[in-house]
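For reference, the structure is listed below as structure tokens.
Letters A, B, C, D and E mark the chains as written, and numbering starts fresh at 1 in each.
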């Protein structure tokens, strides 16, 4: 098994964990964290795939990931601001429908 | 644009006459009563003139056609033939009359801009239905009619009106779906085909190749138009919708809606399927049976009503099925009866609703037992009512007799003697629910303590339309054998549908 | 100058055209014009030639013509109409409803003329229907419960009859469009559904003719209607049935012995029954109504004779016309006479009553003789005996009538015009039938010879008169059974009412179908579903399912 | 020259947004209008160019794919672009007076909306899968704050929910892109499709991308964020979100399945995705039936209407149905865009006048809002697919396709959806006709609408009706560059 | 072999941390472990020959994100009003079901990924082939700023939009960002002032270096911007920068300047070069550097403002 394939599998597993977390966790902060982990897992997959061919390292996925990281931090920042505003308006750390 | 081109597009101008009227009226503010009345009457008159021009043209052997491709393989087609003009002329005349009536009727109510706007739109749609040259165009205007009439039905806005509106929509939109399915299925199978007298040739080929599908499609289309034609068991909306103001009822029952349904039956049976195909597919006999049931059912139900307009509404249920019956029977005589009843029923029923509205508006009379002794008090309107009612019974010389005559002959021509029984029974029932009303109007003494209403509240313009239509109904029967009478015109249509061998 | 054939139209519409005179409000003028107007009905008779009027734009190409039947009955119609209108003007002087009554009367008269003169099927039906309906306002003119009850019964039965006639008319038209009336008997005879057709026609017109048991409206309507209206009903309207029968049925075309016998039986029974019931009645006009029924029975019998033997059809028709004229004039005079005031009015009634009984030298004797002439070849002496027996009953009935009139009060005003009308009718009743007989059946008056005839014709009068006088003197008619006017109709209506209530009760007890589930169920259900779906967790799970599902299908597609 | 129009349609609104941000809305209102009009002109020019000269291509930076990013305008893109421009112009005209009237200065709204417009144009033009990812993220990040703008509990929760699902969706999409790039080595939409075929990785990629886009476009089981988000946004934003943003997601779904994954489009796949669409059609309409507020009704109607677009997938594989269904679906997208935007703007007028959009409040408002109610009524008519609206033409074509191929089920869905749509529509319209209840006293008379607000909804809705006249040219334009099966 | 062991250890660490992040009972631990996760990610990038990413991840993924998360965590601690209590726990049976589904997905992705053959022709190969005419030597920078520059442009727009979006839902300054602005006072530890005086210029220098070096070696506008942003965070935390609710004109210009400049050059490309976003021949390097400089600021400023939770910042003069 090549290193790329190995890390691809790791990326898959990471995305699984992240999605599981996104579904089962209800605290907004944790959900945002889960989304971030999911993003990282996708980035990992991209970079791992860029590394498959022993001849060269594909720069395109790298550029994609770089773009992705900035987008991820933007989205995270907005999500956090939103979550904080939500918390201050409602006093809830989770979405209203998750109330038992 | 040369004059010839303008002339060629006459159907379009006539259609636009009412559409533009509608738009202008929508744009007028509510209190601009004079302007609105002017536009109303102007639009109606212009339209009537244009229709007359077309009538003239068609009599000279000219044919009009307006084509506009809407989608690839789907065209908007307006054609003018004798059948189209029969309905178009009827609606144009009655629109003018009803407009006069409605202007007087709604003089003091709110939301007149909305009302008259939709009123005009409604007539535009009716006109479109009349002139539709293919199924797509027909459906387009057919549904437009539903939309344009709904605001009129719920115009009063009270809960009963809203409930009536709901029922109306439930039935008509459901029917629209059935019709749409059928129409699209025809389009999918045959492409863009225009109506043709005696049936579309491609349709009969199709019916031979795929009888099951053709039957289903035909049944769907007929069910669709059957809703507006108030065939049992699709009739329930009609009596409910009578909560609408009287001009609307007149429109629904006489000018537009049920007529559109009946006209649709004519078009589909005669000009799409063709009478023979409909007969072989077994659709026509079922329709005949349904129409017969409806005729009797409507009359029986009318008997039990105590509200005048409700009684009239059930009477419509029964009467409109005469048209369906005539067409479904499928012979020249029966078709003649059905077609001529299209006009006659319109004239008579509109008279009755005008009168009912007049009673309601001037005296607050809604129930039949409140009519006691109103005849001597209001002789003119009551005379009009009497003419209408007698016509409905089928009593000569009012027009209803002529229809019944040809329907009966048609039934016998087709060897359906039992239908004679239906017609006779229906006559009896009609008499049974109309004659007591007449008796109350003319014979019973006026109850004591009926409030005296100052005569000026009853606008003369509520009276004249009723008198006009009553006279028309009377003359249509009296002068039936004249060339330009409805009967004469219907004969012209029948000659096209059943060309002499 | 009006073309000759248009006088037919004038004859029909004449009385109607006189109506505007009402606007003058001058009683004398009105009376004179109204009484004179029906005279135009006689104009076509004076014009020579075969009058035919065709109006291609009217109705279904209307046609009019005069023939023996129509022309003969015009001779009846004109004097009766004139007298009736005169009486109506006189009696309703100052009444605000005078115009209404006169309008209804003239409309009915015009329609009757239309029935007589119509030469095509549709126009005939039209005129007949208008006449039927036009009589309704006459019946309910008094606006009291009695009048309304009578009107209801009249209208109900008339409309039922109308329906039967309509069916028959359509059946005929189906085989010949809108045929000339002259062609109708032939069409009916050859019609594939001839049996049904003849049945419908017989039954339909029988209501108007008052054949038992379809006579019930007559004894109700006559007493309820005002005097002139009653006269019109009895003298003219019921005769329209004869026209219907004779014009439409294939009399003279084919022999229908069974049917003919049945019709004769019905006629005889009608006569017998109506006379018997009539004797029990307590109001003069009711008695007269039953008398009309009984006399119409005789006319029905003539139709039956015509049906049995085409050979005698011509004679039977002539007899019918003759008897109808006689009866109409006599009955009209009797009714109008009832409307006179004062002690002397019984004398006015005597002559017409004698005529009805068929006393010698009266027109009645002529009529009865005509019937006998027609019937004897077929039934021999039986016919004469039967006729005599029935006449005895008629005589009894007339005694009853005169007694009632002598005792009772007059019903109308006592204007000289009224008396004039009555006298006019009596005179016409003496003259016209004889004139007709002399013109068209010259040998008939010749048959009134010999002692046998005189005995025969006076026998009923003597026997009946004596019996009646005896009953009158000794019993005063007190212990006669009380039979309601219209005999069977009252119990029948009551029974119908009870049945209706019973049915209503049953209907109310029937289980009603359950209401369909309302929209709220759907909305509640959808709300429940939506609240389950709304959690992000649920969305996540569904998202996973979606991904796996599409992947799986995609993999399968790849295979 | 015409090639430059493609990038311009992205850059013009973007730069307008930036300029507006810098110099402030109060001074830049003219700039906004100028930018909007320029964008409209550019978009219409693109449509014209495509109609005349066939599909237009612009390689950004001059680099051809797979190296660079291609902007590609075929008939579909051009139509969506034009629709966006028209709706966008309407929204822009409307938003100014609306926000001023509601007491906002619009500092937050304008840049977000203009960037969103630019992004929409970019989404419709871009032929690059990764670039589309960026565009999708931009859409999310512009849409979520618009939804949260009211700042109260329901709208914040809605925005939060939307954000979480949208992020999940974009990550899934990106994962799919990664797989696709890993398998084909290209990010170009069509090239990837040509290279990919029906491989396992394509299947998984398709699944991830489709599901991700479903989450973004609120397709049936993942629709829950849409109603609260769209109904709580300011009216012009709602209009843009419902008419354009959600549709952009579905536009991509259709693009992907027709251009990139046609090999995977088997009959069961069609049934699955079309089935979801069918359920959405029915379910969304039923939900709309029970909503107490106007904007909620309209928002649920969006869920239902978007479902129609998915009906293309089961039909497009059948030769008898393909062309009609394709035409019908695109017409539906257009008609829905106009009608929905008009409906939301009309609802905005109601809020503006009455201060709320509870349906009961529609009683007796006719005198003040007659034009608005006309627009609303016409919009609903188009939504339920009755003539003479564009929605009717779309439904006609869909039905014709379905019936021509003997697919009565899909035809039935179209019809049933129309019926339920009629039910919720007329529930609303009936209240507009209803009389004022007894004892009703007007506390304050409604405000008068500025003309721009009064007429903008009607103008938009009438565009949906104009399609009756322009059906043939529109479909001719659509045929430019259409894929094999649907030409 | 050691490499494999290292990779395995790395993978194990990533998975373990990820599990802890989503499943640990203590939220704070999750937040902190996420920062660690980011650092571990950076190491992984490095292992996978992606040094650009390693830099960016360390600066942005771990650094800025971590700061944002921590300040958000703090905000969630400050309970106001009623105590909502912890969010309800997800039912176990459902969790098992979710796990099964997730497992299936992971299995599917894994199976597909392992079977994925590298294609012959890729966009990456093309990029490397065209590197010579791109104007820069670092292939990643070439892709970002030349071949696929529209992505970069859009991505900066994303950042800008995130800032705008955050302003929409922003709270008042006292509760936004890291909380109350603490005026730099005499109470602060004595080392702070000298350290900042040292760090600030050094950081700017480092950023400048990263920016410049991005042309031929790992680095570039993102990394430089992230480093600058980190400086901003530091200054904000130590009270050297005061939050203001609205951005000043200069700030507004800086926020949009990058994109505007980039767009302007790009649109000019339609005239002077062949296409939009094409650089005129021979000017590639200069223009890319210019754009990158503007972008650095356009990246740094929104990040700082997002952390600060404010519309703008003012220098605090003591």
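Just so we're on the same page, contacts are C-beta pairs under 8 Å (C-beta built on N, C-alpha and C of every residue); 3 or more make two chains touch, one makes a residue touch a chain.
These numbers come from a predicted model, not from an experiment.
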{"item": "Common touching chains of subunit C and subunit B", "value": "D"}
{"item": "Shortest contact path, subunit C to subunit E, counted in steps", "value": "1"}
{"item": "Centroid comparison with subunit E (C-alpha atoms), farthest chain", "value": "C"}
{"item": "Pair of chains with maximal C-beta contact number", "value": "A-E"}
{"item": "Nearest-to-centre chain - CA centroid comparison", "value": "B"}
{"item": "Centre distance in Å when subunit D and subunit E are each reduced to the mean of their C-alpha atoms", "value": "31"}
{"item": "Centroid distance [mean C-alpha coordinates] between subunit E and subunit A, Å", "value": "13"}
{"item": "Geometric centre distance via CA averages, subunit E-subunit B, whole Å", "value": "72"}
{"item": "Approximate Å spacing (C-alpha centroids) for the pair subunit C, subunit D", "value": "77"}
{"item": "Sites on subunit E at which at least two other chains make contact", "value": "90, 94, 98, 102, 105, 108-109, 113, 116, 118, 122-125, 127, 148, 151, 155, 158, 161-162, 165-166, 169"}
{"item": "Multi-chain contact sites of subunit D, meaning residues that touch two or more partners", "value": "130, 134, 137, 141, 144-145, 148, 151, 156, 159, 161, 164, 168, 175, 179, 181-182, 187, 200, 204"}
{"item": "Touching two or more other chains - residue numbers and ranges from subunit A", "value": "15, 19, 22-24, 26, 31-32, 45, 49, 52, 60-61, 64, 67, 71, 74-75, 78, 82-83, 85, 95, 98"}
{"item": "Every chain pair meeting the contact rule", "value": "A-C, A-D, A-E, B-C, B-D, C-D, C-E, D-E"}
{"item": "Complex contact set, residues of subunit E against subunit C", "value": "90, 94, 97-98, 101-102, 104-105, 108"}
{"item": "Contacting residues of subunit C [partner subunit D, same complex]", "value": "519, 522-523, 526-527, 529-530, 533-534, 536, 538-540, 542-543, 545-558"}
{"item": "Footprint of subunit C on subunit D - complex, ascending", "value": "161, 164-165, 168-169, 172, 197-200, 202-204, 206-208, 210-211, 214-215, 221-225, 261, 263-266, 268-269, 272-273, 276, 283, 286-287, 289-290"}
{"item": "Subunit E - residues contacting subunit D, complex", "value": "108-109, 111-113, 115-127, 130, 146-151, 154-155, 157-158, 160-162, 164-169, 249, 252-253, 255-256, 259-260, 263, 266-267, 269-270, 273-279"}
{"item": "List of subunit C residues in touch with subunit B within their complex", "value": "56-62, 122, 125-126, 129-130, 133, 137, 140, 143, 148, 151, 155, 159-160, 162-164, 166-167, 170-171, 173-175, 177, 193"}
